[in-house]
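Chain naming follows the written order as A, B, C and D, and within any one chain the residues start at number 1.
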Amino acid sequence: MDLQIGTEEQEFRAEARDWLRRHVPARRLPSLETAAGFAAHRAWEQQLHADRWSVVSWPRRYGGRDATLLRWLLFEEEYYAAGAPGRVSQNGINLLAPTLFEHGTEEQRARILPDMASGTTVWAQAWSEPGAGSDLAALRSTATRTEGGWLLDGAKTWSSRAAFADRAFGLFRSTPVEQSGARHRGLTYLMFPLDAPGVTVRPIGRLDGKPAFAEIFLDGVLVPDRDVIGEAGQGWRAAMSTAGNERGLTLRSPGRFLAAADRLVELWRRLGDPGDTAMAERVADAVIGARAYQLSAFAAASGEGGPTGAASSLNKLHWSELDLTLHETALDLLGPEGELADVEEWSEGYVFALAGPVYGGTNEIQRDIVAERLLGLPKGRRG
Amino acid sequence: MRFLLDTEQRDFAASLAALLSAADVPAVARARAAGDDAPLRALWRRLGDAGAFALAVPEEFGGTGLLPVELALCCVELGRHGLPGPAAETFAASTLLAGTEQQALLPGVASGQLILSLAADGGYAADPDLADAVLCLGDERKAPLRQSLDPARRMGVPGDAIAVAPGPGSERATGLAALCTAALALGTGRHLLAATVGYTRTRTQFGVPIGSFQAVKHRLADVLLQLDFAEPLLYGAAVAVQDSAAGAAVDIAAAKAACGGAGYSAARAALQLHGAIGYTDEFDLSLWIRRARVLRNAWGSPSACRRTVLELRPAAEVRN
Amino acid sequence: MDLQIGTEEQEFRAEARDWLRRHVPARRLPSLETAAGFAAHRAWEQQLHADRWSVVSWPRRYGGRDATLLRWLLFEEEYYAAGAPGRVSQNGINLLAPTLFEHGTEEQRARILPDMASGTTVWAQAWSEPGAGSDLAALRSTATRTEGGWLLDGAKTWSSRAAFADRAFGLFRSTPVEQSGARHRGLTYLMFPLDAPGVTVRPIGRLDGKPAFAEIFLDGVLVPDRDVIGEAGQGWRAAMSTAGNERGLTLRSPGRFLAAADRLVELWRRLGDPGDTAMAERVADAVIGARAYQLSAFAAASGEGGPTGAASSLNKLHWSELDLTLHETALDLLGPEGELADVEEWSEGYVFALAGPVYGGTNEIQRDIVAERLLGLPKGRRG
Amino acid sequence: MRFLLDTEQRDFAASLAALLSAADVPAVARARAAGDDAPLRALWRRLGDAGAFALAVPEEFGGTGLLPVELALCCVELGRHGLPGPAAETFAASTLLAGTEQQALLPGVASGQLILSLAADGGYAADPDLADAVLCLGDERKAPLRQSLDPARRMGVPGDAIAVAPGPGSERATGLAALCTAALALGTGRHLLAATVGYTRTRTQFGVPIGSFQAVKHRLADVLLQLDFAEPLLYGAAVAVQDSAAGAAVDIAAAKAACGGAGYSAARAALQLHGAIGYTDEFDLSLWIRRARVLRNAWGSPSACRRTVLELRPAAEVRN
């Protein structure tokens, strides 16, 4: 058992570090949840892509470096340690792409992935509907068969990035429940352009007012067959693999939290009263949580890969609570500054962290899954 | 001993509640957030007409003299209805003006025509842009206006802020600001709990109201537990201020720690149990959610207040 | 609104304080969960009773002082502040007696209460059964009609005080569920002697080994009609009022926790590092919790009396968690001493506090009750 | 990098688990509690035969040399099976004897014939009455034997305890004792969780297994969460010790804080979800419940360990 980073990995890491040192913008980009910030972040994606740093774990033919999970972890550590911008393409890269690798066709991968890697196409997720949040199988938007494709109707909501993104992906009911016999059957996984005729996007302001998500109204939106992922009517299974990605390692890498923990420690050294053990313990808790996440990822990288299935629920509980611990501690450390709307990255990070226990399946659902599938406790009615 | 509100006090609270319920306070807060203070000023005057802002103004300036219990009660209602603006600071600053050059402002404050703000020593004043006069405890200083996480709130210290030297007056004002903020936080928490109970009773997922899930029930039961045991601390502190009791500072700190913490717990529960809708700016509940965070730390974080409790707590013999 | 203690209450309190100062044993009595300690505590009850301090809130004719709720609260504050012994008679005084006042006959009160007040008869509770803990209505011990009385059969468990007590009270099924139609119907509330023929008491060691409770086996134990409380078959309602008392103010008075908080502060001043804000905050939390409980009781005493029904569940959540906070903090403050089995009263208090979230209805059940009855959330299947 | 146990290590753990499962450890603990140490000494020797106690003894005295990962692994199993006695202290003290007058004891320690104990600076030694030699860090001192909350454990410093002067050796021993105690706590928590899951699956109330209640599920999910994220910290610390890494002390402190806290959470959950039965001395689970409390604070409370993490944490640059 060891934690030695081998020579080749060291070199890979050094290369990433060097590139980041030379390219990371000196000034923080404006928030990616604003029009100007979105454009700036898209340009940054293009810059990453130009030197093959946007999707290091992908095959080379799609713009990646075939990086192992370990190398990806090291890259992410370097990325966030360097203070590099948030990833505006993350919904595509971390949620849609793994689904395409698993369930898509070669044609789809060849057509979609390179533009995703370069930031040419930025993707939004379109999962939830007004009546279907935690209970995703309750969704009601429909896909109706038409010549050579499907017509989408209905409404999606809480679509992150949809205010400014190019395309979106989501599940649609292609067979009514009365015919399919079960709510999670008869669903089709589809991709659609956000500027297509019949699509209306209404941005929704997040807790800090920024349009971090949107409602999407669909009125007879035509989607060709080639934009169905997997088999028509079999979308649930593909969607669940996406959900696993949303909870697993890839969406929220340990590097992100290690960097935040480092910044918190710096803040503590700068502002904290060294004798204040109460605050010191809170800072330490965040540091310990980030380190635990890093080591757990190293174990995954040494073995079977990142957590999947129910294990990804445990992972999501950990990072979402860690993120809140980090940011609530920082706000308290900041004293009177802590309530201001724009204190370094802490204010926006706090607002972002507040959503963690909700998206990707609420933490209540995750605990149910952990208890039933990992511990084997008897299923109640959902919960 | 009669540690209960009397009929007159209950009636006063009910009259404020009725006034505020009819006033569309969320719209007032949104106007303030958007830079239009007129609706808030109008509502402030109507609250003044109802007697709300006279409660800390000396009688010779048109006030009732300091009535700490009524003050707490009033702030609970203001918090419950989500009133923006520097209410706690106006009350606290009201006690500092008599005998100063600015005492002529007091009748206007009592009637709700004028708004005050107050900065803690080393801190910012809440909503100085709205205030007709800003006081700052400690040294003279200046800090540019900045936006708070609460969209209807801005923080800063204007160049013409009136410095108040340390002394018993500034200590009392600090205590009053903390007491009022505790009450605002408690009221904020009460609304958040009620709204979340209402939502979880009707929102269905998996074919049943989500309020029938035990995880939801227990989380809300814990919020009620916190609020219900914070409330006696609040009124206990108000009575201690009323009686100028030796332990008043300790009682205020205990009340602020408990109410500030309970209000924030209510906000976290509201956010979690509403899901995404609670996280949107346009849904009115977000006004209370953001305010609860801010009120938690204003005039003493739970952490700071706990330390005060332990540092200043009189020995058991003295307490009896 | 005021918190002034009136002159007469001041005098009452001064009288209690003075009596306690003169009578409280200088050395802590041995644990009441041991044979020797039980006897010593019974003797203390007799001493209290001799000067009418054992049941201050009862009518004078049964040995009390007709004290109001406020006076009782003040007495309890003085009692625990004086470091007076735990009350071995508490199951009788706080659980059985209120039920007798509400549901008993005058004959029962006259016969039972004076001996309870004097410690001549010490009572054990006999609620739970092996298959009926949180789910009390599942109980299976039976009371069978016989000439002039009832024959009790079955087993009770977790009966606190039963190892050394004289008599016990509990619920027995007098009509089978098949006939009564509902599990909480057909139950009869009965009192019985622990030394009667057919009774076997098997003491059970608590977490610290002391026989704090017992199993009671009943084999055709004859109980006369006069020892039925309320109507035969209507025991559930009377039992529920007992349960309310177990959760309400009277079993666990604020004075108990105020005194413990004072002792904790003393311990902190003696052993704590004044710069250790983390520990200081934990101590302060306990102090604040005890003060909140005291003030909430003063509000009750000023108004409608102690919490009843669902409100008593909130009360129980507060004191049971407060008790744990107090004792866990003390153990941590004690450092290496904290793990020893007999550190002042803290070790035994800690072990006792651990049971708080379980007895009198688990805290899970209490939260269900609070949510359903105080907040009006929809009933699920139990929880 | 290979941050995973290898086959040999897994086999070693499995062999210890098999040995302990067959040994009726609860009976051994109860005998020790009742004053009969013979069953524990016998089991200790069998564990010695299986190689458990050689893991911190230098090779020239019949040991394997220090193998921190195997040590952690072994202690997890000892904790899981509830072994009483000063295992962590024996391991830590093993590293202190070479080159001293007592080095002749080492072969006996490695084989499980002899038991050691060790007192932290200013603290007590665990089970000195059972130990064949007791070392104490810091000054020479004496403390009478006293009973721990854990009935199979007694604390004190005998008059003939061997004082160990501060230095790198005593620091390393302190770290090892903390590492082993963290592992014991993690193992204790694993057993408590497994036993509670088993119980709640079968215990019915209100006509259903109590494990189907969401409150029960969520509490146990939280325990698993704590244990599963404490475990990598434990092995991370073991690897750091193995590599004599600069941050080893920090990693040990992090592991101790997390494992000690997780073990105690598991105990609290076990107690609550078993109800009264978990609170009885005679039910074997109580052995683990009481041990979890004691292991939480031994060789560093979570609080103390958190402070160490922050005080000693190397800067980010140094860590990479």
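Definition applied: a residue touches a chain if its C-beta (ideal position, glycine included) is under 8 Å from a C-beta of that chain, and two chains touch if they have at least 3 such contacts.
Going by UniProt, the chains are A, B, C, D = Acyl-CoA dehydrogenase family protein.
Note that this is a predicted model, so its numbers are computed, not measured.
Undergrad: Going by average Cα coordinates, which chain is farthest removed from chain D?
TA: For chain D, the chain whose C-alpha mean is farthest off is B.
Undergrad: Any idea whether B-C or A-B has more C-beta pairs in contact?
TA: Higher contact count goes to B-C.
Undergrad: Averaging only over C-alpha atoms, locate the centres of chain A and chain D and give their separation in whole Å.
TA: Using C-alpha averages as centres, the distance is 39 Å.
Undergrad: Between chain C and chain D, tell me the centre distance in angstrom, where each centre is the average of that chain's C-alpha atoms.
TA: 38
Undergrad: Which parts of chain C, given as residue numbers and ranges, touch two or more other chains?
TA: Within chain C, the residues that touch at least two other chains are 277-281, 364, 367, 380-381, 383.
Undergrad: Among all residues of chain D, which ones touch two or more of the remaining chains?
TA: Within chain D, residues 208, 213-216, 218, 303 contact more than one other chain.
Undergrad: Sort the chain contact graph into one of these: line, ring, star, complete or other.
TA: Looks like everything touches everything, fully connected.
Undergrad: Enumerate the contact residues on chain C facing chain D in the complex.
TA: 128, 133-135, 138, 157-158, 204-209, 213, 278-279, 331-332, 335-336, 338-342, 347, 350-351, 354-355, 357-359, 362-364, 367, 381-383
Undergrad: Using the touch rule from the top, collect the residues of chain D that touch chain C in their complex.
TA: 120, 122-124, 146-151, 155, 205-206, 208, 210, 213-216, 271-272, 275-276, 279-282, 286, 289-290, 293-294, 297-298, 301, 303
Undergrad: What part of chain C is in contact with chain B in the complex they form?
TA: 1-6, 9, 13, 70, 77, 81, 262, 265, 268, 277, 280-281, 283-285, 287-289, 291-293, 295-296, 298-299, 301-303, 314, 317-318, 364, 366-368, 370-372, 374-380, 383
Undergrad: Can you list the chain D residues touching chain A in their complex?
TA: Those residues of chain D that touch chain A are 1-6, 9, 69, 193, 197, 200-201, 208-209, 211-214, 216-218, 220-222, 224-225, 228-230, 232-233, 235-236, 238-240, 242-243, 251, 254, 257-258, 303, 306-307, 309-310, 313, 316, 320.
Undergrad: State the interface residues of chain A toward chain C in the complex, per the touch definition above.
TA: 275-281, 380-381
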